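You will see two complexes here that share subunit A, one where it goes with subunit B and one where it goes with subunit C.
Right, the complex of A and B next:
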């Protein structure tokens, strides 16, 4: 009784209950006589493919799982005192992190203070990616054809005609909150979870939302190619300069002269706030740049 | 104690709504029908679950955050469903084969 009900329920979910009847396959019996003995019919081929697909999927899954399990068994036991002494760094971060970086959010202190070269190169990767996309997709005078222009104009007309009143109203209500939240996440990177990357992603998503509601022409009024280039390169250069300064002084045993402030305040933890703002700018610009380059071919 | 019970009941109701939405998403075949079921889960189901959590956590800052999430989702999710449906209607060439179309000329 229970199984029957389950079967009927699953048939209902799959849409193959009795009222409709299962899908009937076309009768292939007529064509069977002409074919050779070893040739498979389409149905058999599909069945064979499905079985093979399942088998290959199972083998791949088992292989990956066994490799991962093997790796896990090679790892040293968690919390074992005889572990290799790679934990000095962790201890240093946990014990002296707050004192040395001034960041309550230890992750931000680690990423942006101790390992800020890492973070700098990550931001540069974003910059490089958007530069290469620009090289391929940007519609400048070497990369323009007549058909593309006509298609572009056509798309612009469609975008204007199909603009959606509901979306526009809701976006004009929601967008200020989104941008404000992005700024909040960037500025609180050293106090609470968040930071340049996440806040920048929020702001970039806000820009994309604005562009998809009101059209990219509208965004261009406040964010065009010139601002894009200026903001991205200025932020990266600022990051590089400030971090070069602190590494130079640190390596030579000098004092940076940058006050760390009281932990927990907005203006604290030295350079972390500045670097967070730089990273946030780069990430927001890059996200919006990707969207608009792939959609329109120009910022 | 009573707060916990009320909150759990609300969360269970939300989970029920989500289960119905999932079943509907698999049951229906056409985009617009499936969306009709899927939109339930984002709006009503999430609201019930979050309000259950609000009741459990009481009158705190956490509840205010839950409330902000509810407001945001109730603003964003119906608009999102509307946009998906609109994209389907605008791009489907033979819409009248799938469902009844009242005014075919005024699709935009």
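Right, the complex of A and C next:
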């Protein structure tokens, strides 16, 4: 019994379960014999439905808008020193942040040092999302039909033969700047605005631009499934290991032995630079992975 | 001057939001949505959060729009991608 169920489950996952015949439904045709005196014609019914639909939509829309506006007017003023958000935690961040994390950019010090666990789980959420997209959209021999195969081949030919010259020239001029800006934002996350997520998103957008101008085959020479898997999992594991080390030493009152350096230098602020690079890698890979899985069904 | 500029931005934000809802063609709606994100980027920069501005420009105006467009192509909602 158990084995049978497992067999059926695996057949269902692989899509090889035998086709069911059409269901035999009982005859549901109802014969109207009597006709009511005041019956609306179909056209009138549709008109009535449309008017009612519009009225209900307007009422719901107005209700939601008024609730939202009421909430906005209940919010405390922007930048008011008596706001509830201005409390001991913020005071601690502002006063001791530079000293404790070594990051000039206080936002990076907050999200990658004080609250690095949040950031780790956010990166894991991205990783999980791309894994689910892969489960749904990755092409293999069990979930692809002959027609889709032919269509894919057509796309490949179109991509190769009918490439846009203007787009290619513009991309070859703009792309180095985009990638350099992305790397700059990642590496300077603890000094200037930005950080792992922003820089990674910029780099991922650059990869997508390159793929849409020159075709995904061209990108695959540099960035294929193997690099995708290696880079994302290594970055996440590196993040987890370095943060586990600092949690372990912090909880036991030990000295981490990681120098904070002089604030403002590129090699400063302890682990923030390493973690920024990890997050940037994960984000860039997942952004590109989303695009290429949606567009082509393979990385 | 700054206040007038901010008001102009917020007004165009509202116009973008409404016209994205009202537009009949999905492609136009996606492009308007990307313009919305671009205006939002300027507003973040004016509110002195440049890191959010960078993220909004890359994610909102770039990646999300492209993902929408690929999905529209995938479900054959764009002109010229329908199987004849």
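As a working rule, the second predicted complex is superposed on the first by the 213 of 299 C-alpha atoms of A that agree within 3 Å, B and C clash if a C-alpha of one lies under 4 Å from a C-alpha of the other, contacts with A are read in each partner's own complex, and residues count from 1 in each chain.
Criterion: a contact is a pair of C-beta atoms (placed from the backbone, for glycine too) under 8 Å apart; a residue touches a chain by one contact, two chains touch by 3 or more.
On a predicted model such as this, the values are computed, not experimentally measured, just so you know.
Asker: Touching A:173 in the superposition: subunit B (first), subunit C (second), both, neither?
Answerer: The first partner, subunit B, only.
Asker: Compare subunit B and subunit C by how many residues of subunit A each one touches, and report the one with more.
Answerer: Touching more of subunit A: C.
Asker: State whether A:195 touches subunit B only (first), subunit C only (second), both chains, or neither.
Answerer: second
Asker: Just subunit B (first), just subunit C (second), both, or neither: which does A:240 touch?
Answerer: Neither partner.
Asker: What is the contact status of A:183 with respect to subunit B (first) and subunit C (second): first, second, both, or neither?
Answerer: In the superposition, A:183 contacts neither subunit B nor subunit C.
Asker: Is there a shared patch on subunit A that both subunit B and subunit C touch, and which residues make it up?
Answerer: Of subunit A, no residue contacts subunit B in one complex and subunit C in the other.
Asker: Applying the document's contact rule, which stretches of subunit B touch subunit A when the two form their complex?
Answerer: Interface residues on the subunit B side: 23, 26-27, 29, 72, 75-76, 79, 82-83, 86, 90, 108.
Asker: Can you tell me which positions in subunit A touch subunit C when the two form their complex?
Answerer: 105, 107, 185, 193-195, 197-199, 201-202, 204-205, 208, 212, 287, 290-291, 294-295
Asker: Going by the contact rule at the top, pick out the subunit C residues touching subunit A in the complex.
Answerer: 49-51, 54-55, 58-59, 62-63, 66-67, 70-71, 73-74
Asker: How about subunit A: which of its residues touch subunit B in the complex?
Answerer: The contact residues of subunit A facing subunit B are 12-15, 161-162, 164, 166-167, 170, 173-174, 177.
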